């Protein structure tokens, strides 16, 4: 059945697969020291105009969040995050498993404000026995958020400023980074992401790769013996070439952004169709996810033709349904979806 | 430069890659619920004649060891392992990171005996305050071992018996399982491995796959909420199809064993060549790794043409050199190596 | 300076100290196997009419929370707690350090409702990918709460029922248990606490002892190899007699409750004095803590004579001040406090 | 029954108890900020002539080892220790629970040599993929050792030199420090211990206190936010005065050393008696523990009058028995023991 359930339904972009085939029998060093990884790293450094960046490839999103947060934080520190952040709700406690508390901030449509960080720090610093509390050691946000929303340039700049004034590294989870950056409503580039953050990752799993996330430490700040920490987490891939070749392809000839654009175009088309037919949106998302309020009956009917994710109950008669597109979504399937609603 | 440094130098077997391409645009469920994973699981169950087995695909070896050991052990338990076992020496403390002590047993050429397990338990059980010690909660061995050696049927049966008499699950690390099973000296099958062990894994990364290890719980004994534990370790792959398709291909038409046989043939050819030319072996390995004693000068010379791993210093004038073959080793390269020694 | 800052300002009740002296040179087994611990355990079992209870003595409150929660939870589970619960805010991340997430529930004056537990479980169980979330594995509450408030018999009964219907052990943090039970507003006994909970602890540190908390597993449910887990946490006291003698004394001749009553009487006297003089309470606490709204100026003046804890800012002109009494609070000091307000 | 089973059989030295009584009703700050702790810290600093030392009081030995090692090590580091070290064999995996591997060195009578540390580092540093191994991050030894033996001044100086040349902090476990320092065979002082080590602890539990160990960071090197780490481990005692008063008393008027001397005198007397009667020693210990080889029959007979610890089986006819004295051992009991052998 046609599915709009998530953005990891298909394999990889064909150019990525072709490059894997072409390079397949070359003998390469393992654990990230292969020539493709090195080349991919150079491509990304150029793109973000950050020659001193340190870049490493990991396999998946939760793994990346766990390894980055655990390696950046001191033992007694926790990570500030939106209460709706992926690390707080959908990673099976991977951050706590590594010993760190997720300290939650109130969020609106998945976003936190610089003010909320400031308020948290004020309360923390006023506390007479703050050594009995978890010390905030970094700030985590997602771009785009889990709700498909975006931080503006000004919001990121402000958040970044507050973080740096307080010596808190800012970590941007970019599992869907491409889908955010190519949105018509985005006013930041990947270079801005690199400048505002201390570490971020470029999602590959959801954007054209079989697997893989590129972690970028942007301020000459890769944690000491990072490779050992990755290995200790069971996250060091023997055939690092698998990640290197994929990212090299994605960052050749603008492929990463072109395929991201396709996904967002398809998503906006779906959004317009729903609006045209009088549906109400739960969030107005400018990226590759749409959250639509549908009656229980509409959901049931559509489900006979398509699969999708039930986000949450809206009220007794309605549900919030999520429709997700990706680099692999065909225009044909989008037309079919539109024809059914 | 031609390399015999390890068994993860090339990408994947071409049949594996082709199958990835053929299935690429099918929309599949994530996290291991895809149809290819399900089909691969059935194939493996049939092969090991173990209908109640529970099989899960993970990405890499250290990850698999960490997840399996942490999920099987109780909180206060440790894992008995050969002092030379991979988990004890080359996994950057991944087991301890998950909170468990590796309790070492004396090993010979990488192997432990049933007797050594018995002796350990005797001492432990006699201790007046054994609740102050780490309780042994499982036994870990590798087949083949890190030294390319094999346990015989009788040795495995005896070890298995002692483990089960003492309620200790036996875990067999099969990162190179194929290379062990196809050896002329092996007198066990994968079905025996399944019967003797409580959990084992079938290595894909070193035998034909881009990545992937198949964990098999053989006694209807998958740990409770295993998927949550995998996720918590950051080890749950979104596109589980990547693993499913690869293992499905490897376990179709005997591919896994055929390509393993090629590697072992190449390795034995190398061994015979060294012996013919008067070299001494450090271990006599019947699998895909050879450990040869060479003079420092010989090493230096050969290194101008080939790359390989320095295992350890033998004495002031000699070194132990490891030559590894894999499914991807070409006969041509083997001939070249032989011509240089 | 006279202090009402907390309830661990003095040493131990003199009867406790005297008993330590009397028993000092007896040779006793270590690690909790001493005769005094055994006798104390019997006393407590009789009091709570729970012959199958398993009782262990630990040293401090955070330690007890960490050990109990980590030993009761499965690896992939978290603990449901009021967002204001001690484990969530004032234990430096001790629960997360042991690998478990604190899952917060909305609280009112420190209390959660059975309904809030139900609502949480409903949402959790409806989730399509709940294996990506932390599974709730137990419920933590404090009696009295961190705000000096009490659950009623009916509230506890209802909470207990919901927990048990959902196989969630209920853990009651009784760091100030005595101060709650002797309150005029309490309608539960320690026997009720034992019946409603699956594990609770009787606070000694704040009620008459130099240190010590008595953990009571009430349903024949002490976690497997609990002593090993305690040792692994660094929480096993060599001279367990120190804890045994203290609890034996506290639970002889009703001492624990008599000294708790004194503290609560002193606290209520302070409360009435503040109310008489027109102050407003932040919470109306029936136990040993009072939270009073004072002007910044009043705070400053009083602080010249007394020390106390600043709870939080109320508004620009007012603060919430906490006054705590204990078994060791003298009536003389209470009179002095009253004379200054 | 009279016992020589261990050195925590009695309560505390009467001067310690008396001081607890005298200071009992003083109101003091919690968590180590009390005036007694401050005074005790000054006394110890003077004694070790180390004005920049940072001193903290913890409750027990395993706790201290866990907190110190976890706070000093980086996340990817392990601790080098004698294979017979307490942290390796008798702490229920408390070090691994905190995520760190105990890297074992061969030991003789409980001691390691500077050479063995050097050899370990040589092998480690030569390794081509040492980032896949646990990085040694500190060295742990005990003074006296678990076998009652002592390092000489020269041995400690050499070990210290090798550690510092390699940037490895040296941690000395002094659970029985007093019993080592007062031995006739000791040629080091506590000042030397402070100079050679980077962190050590002064055992109180086994030498005159109800509980308590004094951790001394000697090189202006207390780990960042150490109090938070202590709290996170559940190891921060609310009534820090309990520890402060005890150490203040022990380090007033030479009490710690005087009572240590008594224990060692009693132990040597026992040793001489055994030798006089023709028994063979397993180790010749100059401190407060004696290890004697006895026939199974002798053990059985003596056990009717005394209790003691069975160390290990010597051969089918003999056992190694441990006799321990302490500050609390009476000369009368020693005479009785001697009369029975």
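Chains: A, B, C and D, in written order; residue numbering restarts at 1 for each.
In the analysis below, contacts are C-beta pairs under 8 Å (C-beta built on N, C-alpha and C of every residue); 3 or more make two chains touch, one makes a residue touch a chain.
Bear in mind that the values here come from a model prediction, so they are computed numbers and not experimental data.
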Open item on the list: Please tell me whether C-D or B-D has the greater number of C-beta pairs in contact.
Closed with: C-D
Task: Most distant chain from chain A by Cα centroid - done: D
Task: Centre-to-centre distance between chain D and chain C (centres being mean Cα positions), rounded to whole Å - done: 33
TODO: Could you give the separation in Å between the centres of chain B and chain C, each centre being the mean of its C-alpha atoms?
DONE: 50
- [ ] Indicate the whole-number Å distance between the mean C-alpha point of chain B and the mean C-alpha point of chain D.
- [x] 41
Open item on the list: I need the residues of chain C touching at least two other chains; which ones are they?
Closed with: 76, 91-93, 97, 99, 129, 131-132, 228-229, 231-232, 236
TODO: Note which residues of chain D are touching chain C in the complex, please.
DONE: 2-3, 6, 8-12, 14, 17, 20-21, 23-28, 30, 59-67, 91-94, 97, 205-206, 210-211, 228-229, 231-239, 241-242, 328
Open item on the list: For a test of understanding, state which residues of chain A touch chain D in their complex under the given definition.
Closed with: 31, 70-71, 74-76, 99, 129, 131-132, 135, 224-225, 227-229, 231-232
Open item on the list: List the residues on chain C that touch chain A in their complex, please.
Closed with: 76, 78, 89-93, 96-97, 99-102, 126, 128-129, 131-134, 309-310, 313
